[in-house]
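Each of the two complexes below includes chain A, the first together with chain B, the second together with chain C.
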Partner chain A sequence: MTHKIKRYGAALLWAVAAALTIAACFWLDNYWLRIWTSVLMYVAITQGLNVIVGFAGYHSFGNAAFFGTGAYGAAMLITAGWPLWAALLGTTAGGALLALLLGPPLLRLKGHYFAIATVALNAALAELILNVGGWTGGAQGISLPMSDMSPIALYRQVYLLMFGGAAAATLIVFWLSRSRFGYAVRASKDSEDGAKAMGINTTAVRVAAWMLSGAVTAYAGGVWAYWINFIEVGSAFDVSLSVKAYIMLLMGGMGSVVGPILGAAFFEVLATLVWSKFGALHNLMLGVLVCAVVLFVPRGVIIPMRRYFARRKSVGRAV
Partner chain B sequence: MNPSHSLELEGATVRFGGVVAVSNVSMSVGVGEVVGLIGPNGAGKTTLLNSISRLVPLSGGTVRVFGENITRMAPYTLPRHGVARTFQVVQPFANLTLRENVAIAAMFSSRSLPKREAMERADAVLARTRLTQKAQMLPAEVTLADRKRLEVSRALAMTPKLLLLDEVMAGLNYTEIDAMIHLIRELQREGTSIVVVEHVMKAIIAVCDRIVVLQSGKKIADGSPTGVLSDPTVVAAYLGQRYVDRQNAAAAGVTS
Partner chain C sequence: MFAQTIVNGLLLGGVYGLATIGFSMVWGVMGIINLAHGAYIMIGAYIAVVAFNAFGIDPFMAIPLAMAVLFVIGFLIQRFLLNSVLKTGLLLSLALTFGVNLVLVDLFVAGFSSDLRSVRTSYGSDAIEIAGVLIPSVRLGACVLALLLAWGFHFFLSRSRHGQAILATALDREIAQTMGINPTLTYALTAGAGAALAGAAGCMAAMLFPVSPHLGNSFISAVFVITVLGGIGTLGGAIVAGFMFGLIQSAASAIWGVGTQEIVAFVFFLVALVLRPQGLFGRKYFGENT
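== the complex of A and B ==
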């Protein structure tokens, strides 16, 4: 009974948080709407990274490849006259398909070999898009057709689309944390031989996890392209996007549902504030902050938070 | 092909580059039989077990389980053929509780066991292996003996017909060894075929119907425990030829 109450309480809390996040787009000003849209985009990307890093144990530093592919996919489809929803659906499927094609060879690599391979993948795809030209626009990039909506309506639409991506990515991670498939992914991470001996097809499980990661990241890239209206290879396949998402994941806590949300919100809002207060020194300040996090909460803020709540609970019981 | 055997190896050979770890080993395990696989360190026991469970590919020979050739099968398909194993170096899922570790084994060894039923089976197995009190703990929070019992629990949750036990008694104290022997005997009574790789001779003698001895990857003996353990070749493999010569000399001295 207590377990049920706790579960319903958590569901209610999530529902209230989601409702407040949706409602926020109607009272935030343009400046903060842009920042929170960016936060939601990073929640989606970081949760996508959480699937492959936190759950599957594969350190992908090149998830920007999916973001860039998603951005270019959506840009090309929208320019070709596809409706927005169909372009986003197509680009999400494209991200999953890319992971399906590249997963079997790349996921044979372990540890830093895989990490380096994903960075190379990102660079290779960027070069490909740059040199193909034609539909991809080559070095000139792609300008998307202007929306006929008012700016604030457009920003709200983008905000809600990003919220959809962040919510879907969080639901995927939540599902992973308690489903049969999630157990297969986590077991494959902890002991590959052990998992195989228990009947788990570890290769298929990892490819499927990377497909989820790729799909979510590609969706975020698609919405981003629609948002900024003009894309080029340098910004769409920017490795720093992967690195930033990685820092957010570290800050929040890998393998948890809430961690990436906290990490993305904390880092993005803080980066904006640091930028506005310290100008040219903002990168230095961010560096100091990252060092502090790695030194004091190396497994993310979620771990001390869990400890705090567990302690409060036990004190409550004693009282 | 002989379905009366749970395991048949024919000319099993495993090479790692130029090193022959297992060389042309043939052996069988009858249904419900407990066979001990012994030999000095580096004899190839674990490699042979790894090749039976398909974690290491065979360079030559065939493996049959209940008459079915599994030589080319993927390792993750073996639990569906009734094969379960434990690992010499324990391989727990470190970030999952003992209960979840065992439930995973139950969940994936059969195609469609729902999570709830897998958890129920895990509870039953943990009770049998006396780990119920520690079910919600992580593997790192329990002793080595408990982690060994966790290995066995996971294998039992797969309801195996052929169980491969790789040094489950290493590092256990006498009481724990006795408990493990008791468990193996119970499983044997239930009709499970078992291959036991072990250095604890007390356990080997107590549970095995037959013993196979490996030395430098080759089979050097196969027979009843008393016969095999008094075989001069086996004694020489374990203790050296000089020990056998000394024993023979002592015996000759007594008789003359």
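== the complex of A and C ==
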């Protein structure tokens, strides 16, 4: 009984949080709307990273490759006259397709090797787009057509689109945390041989996980391109995007559903507040922040907190 | 023209190889991918720039100074930051070195601005002509010196006690400890020596490329490619792969145009990584004792 109440309580809590997040876009001012839009974007990216790193155990350091591909895909489709929804749909599918094509060769690599291969992939895609020219705009980047909506309506639309991405990504992670497929992904991470013995096709499971990760990240990139209206290779394929998402994942705790949300919100809001004070030195502050997280809270905040409460509970019971 | 491009690229290979040795050794010995390595190269380049522009010291003469400064920087960063995350695995060390890189680069942006600086020596445009191909003397000098320094480091590794300790730790961290090798010191020493070589490469880079705080970012991708091509933690592999990298890049730019050299290098890298992840000269166990 209490178990059921707990579960409904949690569902209710999530629903209220989602409703509040949606409602927020109608009373936030422009400044905070922008910050929270970027928080939602990072929630989507971090959850996407959570799928491949937290669940599948593959350290993708170049998920910005999907973000950049998504941004360029959406920008090119929108410029070609596709409606927004179709462009975003195409972008999301494109992200999954890219992961499907690159997954089989790259996911054979383990540990370090996979991590650098993703960094190289990111750099190679960036160079490719830079040099193809024509449709991709090469070094000039792409200017998207101006929207005919009023600015505030546009920002609200972007906010809601980002919210959709963040919510979908969180639902995917939630689903992974309790579905058959999710267990298969985690089993492949913990013991490849064991998982195979249980009849799991570990390669297929990993590729599928990377496709989910790629699709979510590409969607976020697509909305981002629509949002900022001008994209170029340097900002779309920025490795520090991957690394920021990594830090958010670290802070929140890997493999947890709620962790990446808290990590993204905390980091982005903190970073924005700090950066507005430091201006030119904001990368320095980001670097210090990254080092501080790694040195002082390397296990994130969620897992130690949960453990603390669990210990208190069991101590109480023993007494 | 083709031969000229190839010669220019090949001569760069030595500098690339030298820039890679430290990165490769650190990775091989302690399993850390040091993303701040590019910043070490950049600092070396700035030492050459300041020494030349403010004090008129020849960039080749500034190399010992740069090596000494970077040895200290690399040693201290390893000892007080990186050693503490060594046992926790790949992710944290990557994130931490990324953070260190951001701090170092931004410090130089603050101190020197992002403007491009260059070192123009009186002999900067001299060249020796052999069979119609011009051999730029700066590139030749840098290449020869890079090979000498690599040879010196090889000598240090194979002949000195500390060098032997580094090699033993690369082979097997635990067994090395039971032989009485102090890991903390060995790690810091490896990082310091690697940073010193990066500093020397940076001084040479200052004569060949325009210098900005972001110089390291363009180097680090080459360093990655060369490390993996040559085999992680192998000194000779880094040098040979450095020349291969210079050759591939210059051949690509001669055949398909300058813009393609990075793509070709990365595609080559990805293919090598998938087909032969231990590198062309690496042995499987190097770099895997994380």
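In the analysis below, the second predicted complex is superposed on the first by the 291 of 319 C-alpha atoms of A that agree within 3 Å, B and C clash if a C-alpha of one lies under 4 Å from a C-alpha of the other, contacts with A are read in each partner's own complex, and residues count from 1 in each chain.
Please note the rule applied: a residue touches a chain if its C-beta (ideal position, glycine included) is under 8 Å from a C-beta of that chain, and two chains touch if they have at least 3 such contacts.
Note that this is a predicted model, so its numbers are computed, not measured.
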| item | value |
| --- | --- |
| Chain B versus chain C as contact partner of A:G255, first or second or both or neither | first |
| Partner chain in contact with A:I22 - chain B first, chain C second, else both or neither | neither |
| Contacts of A:A187 with chain B and chain C, given as first, second, both or neither | first |
| Touch count on chain A, higher of chain B and chain C | C |
| Partner chain in contact with A:A120 - chain B first, chain C second, else both or neither | second |
| Chain B versus chain C as contact partner of A:N131, first or second or both or neither | second |
| Which of chain B and chain C A:T202 touches, first, second, both or neither | first |
| Residues on chain B engaged by chain A in the complex (per definition of touch) | 53, 55, 74-80, 84-85, 87, 91-96, 100, 103-105, 107-110, 114-115, 154, 158 |
| Interfacial residue positions of chain A with respect to chain C in the complex | 53, 59, 61, 105-106, 108-109, 111-113, 115-117, 119-121, 123-124, 127-128, 130-131, 240, 243, 246-247, 250, 280-281, 283-284, 286-291, 293-295, 298 |
| Chain A to chain B touching residues, read off their complex | 179-180, 183-184, 186-187, 189-191, 193-202, 255 |
| Chain A-touching residues of chain C, taken from the complex the two chains share | 27, 31, 33, 81, 84-85, 88, 90-92, 94-96, 98-103, 105-107, 109-110, 221, 224-225, 228, 259-260, 262-263, 266-267, 269-270, 273-274, 277, 287-288, 290 |
